[in-house]
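Pasting the structures here.
Two complexes are shown next, each including chain A; its partner changes from chain B in the first to chain C in the second.
Then we have the complex of A and B:
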């Protein structure tokens, strides 16, 4: 009995923080999504049932946001995880100067996302003078035609994905690197004795040993992918034609641009449900393949 | 007693002048001290809104043009006509009075008003043999303007000859381009009851005007201006922007700089008006002292000092007459003339303005990126009308 009481006492500060700053605002958000609350309006508050949800699910911008977030997650999660794994494997080599590479790969993570977005606007500058346009023209030996990435509905989301991957891959790399360094060398030695080559060692030892770390990285990256906001706000403002708008961007715009707080609350409730479903899905898939 | 004053962090020269004015005012009085806080311009409205909700507004603060009416509607401001001397009220420019008046009272006073036009390099226009408009009534028609763009582009290495500040974000798009709608015979919203935007913002005239602008961008005539130096650096011959760029452009081009009216889209050249204005919050415990500071800022020499710093049109008639920039044959006399002769159109005087401007900005972004103009404007109209309906037409509840 006493142990349980003590446990509750230790957990209490963190738990009250969670209740205060996460659970309570969420419940408030849920309640508000059934009203017509506006920012600073002197008119009385009314309950309107599911009107806000009706509105957002018939709004082209919000549906585009759901689509964009899903697309972004589908692009970024495999690419960023794969790239992070590759970089972790490279940096794990026992060669001289690997510490420098590790720091350099990790540096973008340290920069604030808004700074990264501003710099990438310049990199993605339109016209033949733009950095990326010049690079692609050189690499394709003149076959590339200069594009305005951020204002082209076909390329804008790809441009934002590129920025996000560049900024976030270092973080995933460090996590996978730590897991990589935790794999006992004895396993590799045993495999080499059995005649396994590099590729077989990778597939049959490295990957299974990294399974938990990879699941964690995929989960976190997916959730972060749905929280996409900074780059959209700074680089494309949701355009062109809703090609890059996201749930968070629509919610913030609704609350502070259009002063519709209840509508934004409804959007965040939908966001919560989506993330919850994704998390449950990934945990179910993770569990199926053996004991944790 | 200490009073809190909030101002937008504009150009450095503006900030220095306001800081100096505040210090001089503080020296004059023993009992009251004013404390000034500068808030970055980009987040200014959001900060004020947040403070208003928290009941934390300062005694005296600036408002960005038509955002004022939403705060009046939320009952955060007090009328000023009893706190200011009649001589000052008489001396105000009619556009300043029109901006500050709402529901029968004067709620704000602007030290300056704004000017919007087309800066041009005279040498470039002479090279192609273009006519130079002498006044707003003489502005280029849209056909003339298209021809001029074509001729300039033919002589320009990268074809980009016009700068419309595409690097700016936010309110600039409504301020700078709603005159396009008005010049074509459309508007952001009907001005009789301010209830319905459908039919004004998305009628045929509005769509064709926005398609004109879209065609300039799609033909490559518009410089993306990422470094904000397209005109100052001489890359383009025309710059569609307001008074705040005058100092920089004059330094760059000196006597080659021309200030021209915006082109005429059919119903006459139109331009924007309205700028930052001062109001006193209802929560202030020393409204008289706050009003005294407004009076101080509106003295002729103080107004001229501020307008010399930011190039804006002085808010009082006596200052306009004395101004070397705006009076008589001054280089910016066009801006003053536009304000007094009805060429400038105020942005809609309604508490719905924050939504109107957000939706117009969204529509503009879609149009600028090649989207369908009719669809974009229809979506804007629908959202604006829905918001006004949600707020029951923004009824003014007298307190």
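Then we have the complex of A and C:
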């Protein structure tokens, strides 16, 4: 059985890494979430059943976090997917200079979010220093009242959404562009022969052909929306008044601010359940298409 | 081009230029601000005309080095990212090769496990992982930022699907010539799988280079902290001087931008493959 030994030798480094640093902590988080573990606490470690879950689901900050993550997904997913699709369609036109535009749109993807977040604090600043306020003032011919977006609970989450879209839309564009370029030209030629106009070609060929890519992009963006952390940590620290706090922000704060590891574990379990449900939903929607 | 086509093309360009503007202006603001004296950076910073102001000074760059150990952050980020990328390329491709080409009992079940692990994001395990590395006494080291991220289920999956698509004939020929599996892997398979190596390298590099959450959790000394965390602390370090922050930002992003410009085709292809497989 030399072959088997060899195969294990090939697999072992990666497998042991995955077991120690993915599977084990994953199982650990399920277990910890049912305990009272608190680093440095004098209380003995014990199982407390669903107590941590009961607590977080009656905690105003965590409920705000759940709502914010959902709201953030509802703003970012359609806007970012729509914009990415528009950009992919534009860049896919057989015109000169498209490679340059593609690079410009993709460029922010290589910018670390921590840097983008800091730069956008100034873009979103109130008064004559803020690009966005100045732009809105110019466009509305002075009717726009300058706002302090990041310190206004009605605007802070929208401001973070805008920042996130700016950084991430190029990623989605590239995926959709690849899918666009994979559509057989023969389909369009056949449609033209049948007298279909540009709009009809888009609705009856492009969109159905992009279906799987769009489902994928929507899923990835939704999961990213629930992972939201960096921008909040740097731009608002969850404020004002919990308006921008997120599941991960609350989890990290519980684990560090108050050393409540068990409570933080319960929050990340909730986060994982959301991700799992979204993934299963994508599989289900993706499969439906196979039947059609 | 007909008149109608010309109008359509103009509309496309108009939209493209407007969009490009939105992507370039914040970057231009950072670049131009990094060269302005401290008392000038915020003057009318929201006005586009100020992007091309005449002042020029290197002081902000000098200040960054005086105020924080920028070179150290840069080294840490580069070292950690390169270790994760290099280690990851090796162990994940080897594992994927065993899944794709070797026959051994338990293979299919383990492969299923790897695919299942793909959907667990770092965030879902960050807290227990933090507890784990605390027990191991690994906090505030380089290792804690490298070892847990070398093995990666998604990388294995990308390698696996690519290896499945490679023609077997080359490997068969090498085997007949008496080459063993190690030799076949390093001499035949790896050189023929450059695109997937590039994809995995780029995706994992981008993730590591930008990582903020994990370093924030497990490090507290400047000696091991990477750039994104350096940026976050620099921003909160009084006095708030935007010129310095922009200079930090420019220096932080320049290496990645250079790599991006040089290997652009691979970046775009790499990201595109993640979607095709989805």
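By our rule, the second predicted complex is superposed on the first by the 262 of 292 C-alpha atoms of A that agree within 3 Å, B and C clash if a C-alpha of one lies under 4 Å from a C-alpha of the other, contacts with A are read in each partner's own complex, and residues count from 1 in each chain.
Everything below uses one rule, namely that a contact is a pair of C-beta atoms (placed from the backbone, for glycine too) under 8 Å apart; a residue touches a chain by one contact, two chains touch by 3 or more.
Because the structure is a prediction, the values reported are computed rather than measured.
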Contacts of A:239 with chain B and chain C, given as first, second, both or neither: first
Chain B versus chain C as contact partner of A:204, first or second or both or neither: neither
Of chain C and chain B, partner touching more chain A residues: C
Partner chain(s) touched by A:122 [first = chain B, second = chain C, both, neither]: both
Partner chain in contact with A:50 - chain B first, chain C second, else both or neither: neither
A:257 touches, of chain B and chain C: first, second, both or neither? first
Chain C-contacting residues of chain A that also contact chain B: 39, 121-122, 125, 127, 256
Touching residues on chain A, where the partner in the complex is chain C: 3-4, 6-8, 10-11, 13-18, 20-26, 28-29, 32, 37, 39, 86-87, 90-91, 93, 95, 101-115, 118-123, 125, 127-135, 166, 171, 174-179, 182, 212-213, 216-217, 219-220, 223, 227, 229-230, 233-234, 248, 251-252, 255-256, 261, 264-265, 267-269, 271-272, 275-276, 279
In the complex, chain B residues that touch chain A: 46, 49, 52-53, 70, 73-75, 158, 169, 224, 226, 354-355, 358-359, 362, 365-366, 368-371, 379, 383, 387, 390-392, 395, 397
Contacting residues of chain A [partner chain B, same complex]: 36, 38-43, 60, 121-122, 125-127, 148, 151-153, 237-241, 253, 256-260
Contact set on chain C toward chain A in their complex: 9, 12-13, 15-16, 19-20, 22-27, 29-30, 42, 44-47, 90-92, 94-95, 97-99, 102-105, 107, 110, 113-114, 117, 119-121, 123-132, 134, 147-153, 156, 181, 206, 209-210, 212-213, 216-217, 227-229, 231-232, 235, 242, 245-246, 249, 252-253, 256-257, 259-261, 264, 267-268, 271-276, 278
